[in-house]
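Structures are listed in the sections that come next.
Both of the next two complexes hold chain A, though its partner changes from chain B to chain C.
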Partner chain A sequence: MIREIKERCFLAAVFFSAALAVLPLIAVLGYVFVKGIGALDLNFFTQLPAPVGDPGGGMANAMVGTFILVGIACLVGLPVGIFGGIWLAQYGSGKRGFIIRYSADVLSSLPSIVIGIFAYVLIVATMKRFSAIAGGFALGIIMIPVVTRTTEEMVKMVPRTLYEAGLALGLPEWRVSLQIVFRTAWNGIFTGVILAVARIMGETAPLIFTAFNTMYWNLRIDQPMASMTVQIYNYAISPFSQWQAKAWAGSLTLVFIILMVTLVVRKYSKRVYYG
Partner chain B sequence: MDKLPIKMKAVDLNAWFSGKQALSKINMDVYSNKVTAVIGPSGCGKSTFVRNLNRLHETIPGATVEGAVFLDEENIFKPRYDLVDLRRRVGMVFQKPTPFPTMSIYENAAAGIKLAGRVPRPVVDQAVETALKQAALWNEVKDCLDKPGIGLSGGQQQRLCIARTLAVRPEVILLDEPCSALDPISTGKIEELIHELKKEYAIVIVTHNMQQAARVADFTGFFLLGELVEFDVTGKIFTAPRDKRTEDYVTGRFG
Partner chain C sequence: MGQGDIWFKGFIFAFAASIPLLLVSLVVVLFFWAWPAIIHFGWSFIFSSAWDPLADNYGALPFIYGTLVSSLIALLIAVPLGLGCAIFISEIYKSKTGEYIALMVELLAAIPSVVYGLWGIFVLAPFSAAYIQPVLGGMFGFLPLFQGPTSGPSLLTGGIILAIMILPTITALSREVLQAVPYSLRESAMALGATRWETFKVAVFGPARSGIIGAIILGLGRALGETMAVTMVIGNRPRVSASLFAPAYSLAAVIANEFAEAVTELNLAVLIELALILLVITIAVNGLARYLVWQTTLKK
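Take a look at the complex of A and B:
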């Protein structure tokens, strides 16, 4: 009898804790939804930001800007991350591997604003202007450790027997690495890449003084470029209720995009299989 | 036995894992168109021995080798010997079926040919069909060649791996406990296959199962603690072994 009561109490405590853990997520999502849905309309996705007082206006340039910045980040982060990860998995068992792995861990724990400063000094200061290149570069640096470590884990998960089977067929080693080991690991690596993309999409700090912001259309990557996060930030700290409403709408859109990306990837990544 | 054509010949072969000796002074022949079984208790070096015949042993970090193995009278351990060429001539099938998980049945069977260089599609098709027929798998998979290789049953997967090896047209086939993960029916199919294949290839089979060695092998070598204790015609090993240790092992007194 006593034992049963104990059991029930324990179960209740566990359930309560679990509910408490999910609650903030639901609260945030719900709040963003309620506040944001009102300001969402077609204009929001097609128009440039409007000055205070003018009706309408949207974030179209910032949405495009975010995708361009993420694209540049991928160009910077993916090659380094993926090749680094393959190297770590196959040759990184010694001291050099340890140093690189450790550096990647340190890099991934650096505050993103520090990486923004790094990009500022390296690119903005030399080019003497804010640019999409600098912003994308900063985001790319943030991607590198995430992609490196996922690639390493995924390549290591490929059983050695597959590597040996490839060699035993008389395939040159680089073909075995690329066309058997890497190809087998690719599904998992892809998942990691998309999760890294979802993460950098939500970054604001490294963009504030690299890509900066603009209220106009800009597709030139050597010029300042708008992004959803910086635009949300600017709108949110403004004193105008019209702009604050836009910030909520932007948040809702961004959360929705990231949530969709994550969900699709989770579903897709379940199909990863190993022999 | 002395007059048979020798396909491969190990001479004073020693092998180590990180300084721990796994093979000592192995001298053994592999004959053309014969099945040679390698038997012995776990950890006696039988897998290490066959993994030296295609130089896969030394790909493990810390693994080293000394001695010589001749393939058609050429030492495969001589400097700058072409390993890609060696492994095309000496194919291998592993204990656990290892179809490539991202590839279809067709792609698996074609892996050795296609990944090696540009080959016209009809040639690949022909090679895949021939190999799958040789491996007695064609009738079961001919209608689903584009399905994933790992969707097959364990026995079919193993025959797919044999087909993949045959498609490269090797001269020697190494089978490292090919049936230990399979049920008796699949095992029977693979043993029948071995009988067929020896018409064209020299075959070396590592096995834990002494009945299997007795059923399929023309010659048998008994390994113990990294040494080749006895090598002879299979019938002799099982009925009239010269060494007491061989007798103890084949009669089930240890191992």
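Take a look at the complex of A and C:
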């Protein structure tokens, strides 16, 4: 009898906590959707931010800015992550490999705002102005551990026999590594890269004092650049309801992009690996 | 090994080696920039509550307090819920629906923190002031923690938003740890006539324990460094108050708010020293977590 009561209590507690855990998360998504869809219109995607009181206005410059920042981040993060990952997979079994793997782990656990400060003192303080380069650099560092780990895992998944077959044909090791092993692993690595991009698109903290923000068009990477996240933040803490509505619209757009990218990539990678 | 191979190996090693180099230079550079503040205030910086940029007098205590307490509140809420959710997915309801819940939880970890912050300002903070705080005050009002006027942006609200944000982390990691426990253990317990609760208690929780603790500490690590959402709902007032209903501040939040406007050199150095403190706390916490997770997953 007591056993049955305990069992019932256990099941009830587990069920209750699962429901309670999902509830606020659904609430967040629900609010973003409802509030955001009401504030979205075509202007939002094509116009510059409007001053308070003026109708219309959008986030076009911030959307372009986010893509430029992500592009700079890829230039910084992808070579280090991909080549580093290949090295770790092929030669990284010793002590040096352990140190590099451990550093990547520590790097991935650092608060992103600390990495923002690093980019600030290295680039903003040297150039004496906020710039897209500094913001992209910070985002690039954040990408490195994720890309390194995925690349290493994917390269390791390539069957050893393929590697040996390449060598047996008389190819030099580097050509086997790049043209056979890397190309075989590329689909998986690509998935990891896209997931890393989705993650840095949502970063705010390392951008507020590196890329800073601007209300105008700017395509020069040595100048302050707007991003969707920083723009959402500025609008969210503003006292004007017109701007707050834009924050909801921006959130909906950003969440939609990130969730779609994540979902599609997951589905695609499943097809590649599990038939 | 041919000439090309040596070049190639050296080339990719340079990229790999830049990762530890980057980490070391990050710590060294931050230390260098924080140095003026470190020698100016010494150890008393950590225990001082002063925050007066005009007089160039600073202390870190309110921020350390806010960071630690908001993260602790987050753990108190997120651990039981996340663990329950993980048990639900991996032990009780192992079906398509369970997998969908798991996928959803993982997707929610991808939502940007500024979006949680936006929701926090306009939904959670008013709800906290109107319902959560009065109820807690009514139930536990005899404790100083739950006394005083209610306020939307507050330490408690900051803790709650953190709890929501680390729930996916704790759930996903605990689920992985639970699934690493061999099925034969569960089956032996079931074969002896154990109920699901007894199976979990006897056969699953033991082997999974240190891994679950690791998952919890990784969640803690995430909470400690979380910036935007906390900045938007914690109230941003640099004071240590006994009440959880009062506005507070956190290390990451003060850096986010004041870094771009730091005027004096000392002000900048102080903010970088705060970042250094945050760095030390998160590295220590994550090191501990990884050690515990490794212990379980390597044993399987």
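Definition applied: the second predicted complex is superposed on the first by the 247 of 275 C-alpha atoms of A that agree within 3 Å, B and C clash if a C-alpha of one lies under 4 Å from a C-alpha of the other, contacts with A are read in each partner's own complex, and residues count from 1 in each chain.
Note that contacts are C-beta pairs under 8 Å (C-beta built on N, C-alpha and C of every residue); 3 or more make two chains touch, one makes a residue touch a chain.
Keep in mind that what you see is a predicted model, and the values were worked out from it rather than measured.
Visitor: Contact-wise, after the overlay, does A:Thr262 reach chain B, chain C, both or neither (first, second, both, neither)?
Guide: second
Visitor: Considering only the touch criterion stated at the top, classify A:Asp105 as touching first (chain B), second (chain C), both, or neither.
Guide: So A:Asp105 only meets chain C here.
Visitor: Per the contact definition in the header, classify A:Arg129: touching chain B only (first), chain C only (second), both, or neither.
Guide: neither
Visitor: After superposition on the shared chain, which partner residues are touched by A:Pro172: those of chain B (first), chain C (second), both, or neither?
Guide: In the superposed model, A:Pro172 contacts both chain B and chain C.
Visitor: After the superposition on A, what does A:Ser93 contact: first (chain B), second (chain C), both or neither?
Guide: A:Ser93 sits against chain B, while chain C stays out of touch.
Visitor: For A:Ile237 in the superposed arrangement: first (chain B), second (chain C), both or neither?
Guide: After superposition on chain A, A:Ile237 lies in contact with chain C alone.
Visitor: Hey, is it chain B or chain C that touches more of chain A?
Guide: C
Visitor: Should A:Glu7 be classified as contacting the first partner (chain B), the second (chain C), both, or neither?
Guide: Second partner only.
Visitor: Does the superposition put A:Arg183 against chain B (first), chain C (second), both, or neither?
Guide: After superposing on A, A:Arg183 lies in contact with chain B but is clear of chain C.
Visitor: Using the superposition on A, tell me which residues of chain A are in contact with chain B and, in the other complex, with chain C.
Guide: Dual-contact residues (chain A): 172, 175.
Visitor: Under the definition above, what is the set of chain A residues touching chain B in their complex?
Guide: So the residues of chain A touching chain B come out as 93, 159, 161-162, 164-172, 175, 179-180, 183-184, 186, 273-275.
Visitor: Give every residue of chain C touching chain A within the complex, in rising order.
Guide: Counting only chain C, the residues touching chain A are 1-2, 4-5, 7-9, 11-13, 15-20, 22-23, 26, 29-30, 33, 80-85, 87-89, 91-92, 101, 103-105, 107-108, 110-119, 121-123, 164, 167-168, 171, 195-198, 200, 221, 224-228, 232, 252, 255-256, 259-260, 271-272, 275, 278-279, 282-283, 286-287, 290.
Visitor: Spell out the part of chain B that touches chain A in their complex, as residue ranges.
Guide: On the chain B side, the touching residues are 54, 56, 59, 61, 84-89, 91-92, 94, 96-102, 111-112, 115-116, 150, 161, 164-165, 168.
Visitor: In their complex, what parts of chain A are in touch with chain C?
Guide: Going by the criterion above, the answer is residues 3-4, 6-7, 9-11, 13-18, 20-22, 24-25, 27-29, 31-32, 35, 79-80, 83-84, 86-88, 91-92, 96, 99-100, 103-107, 109-115, 117-118, 120-122, 130, 141, 144-145, 148, 172-175, 177-178, 198-199, 201-205, 208-209, 212, 229, 232-233, 236-237, 244, 247-248, 251, 254-255, 258-259, 262-263, 266.
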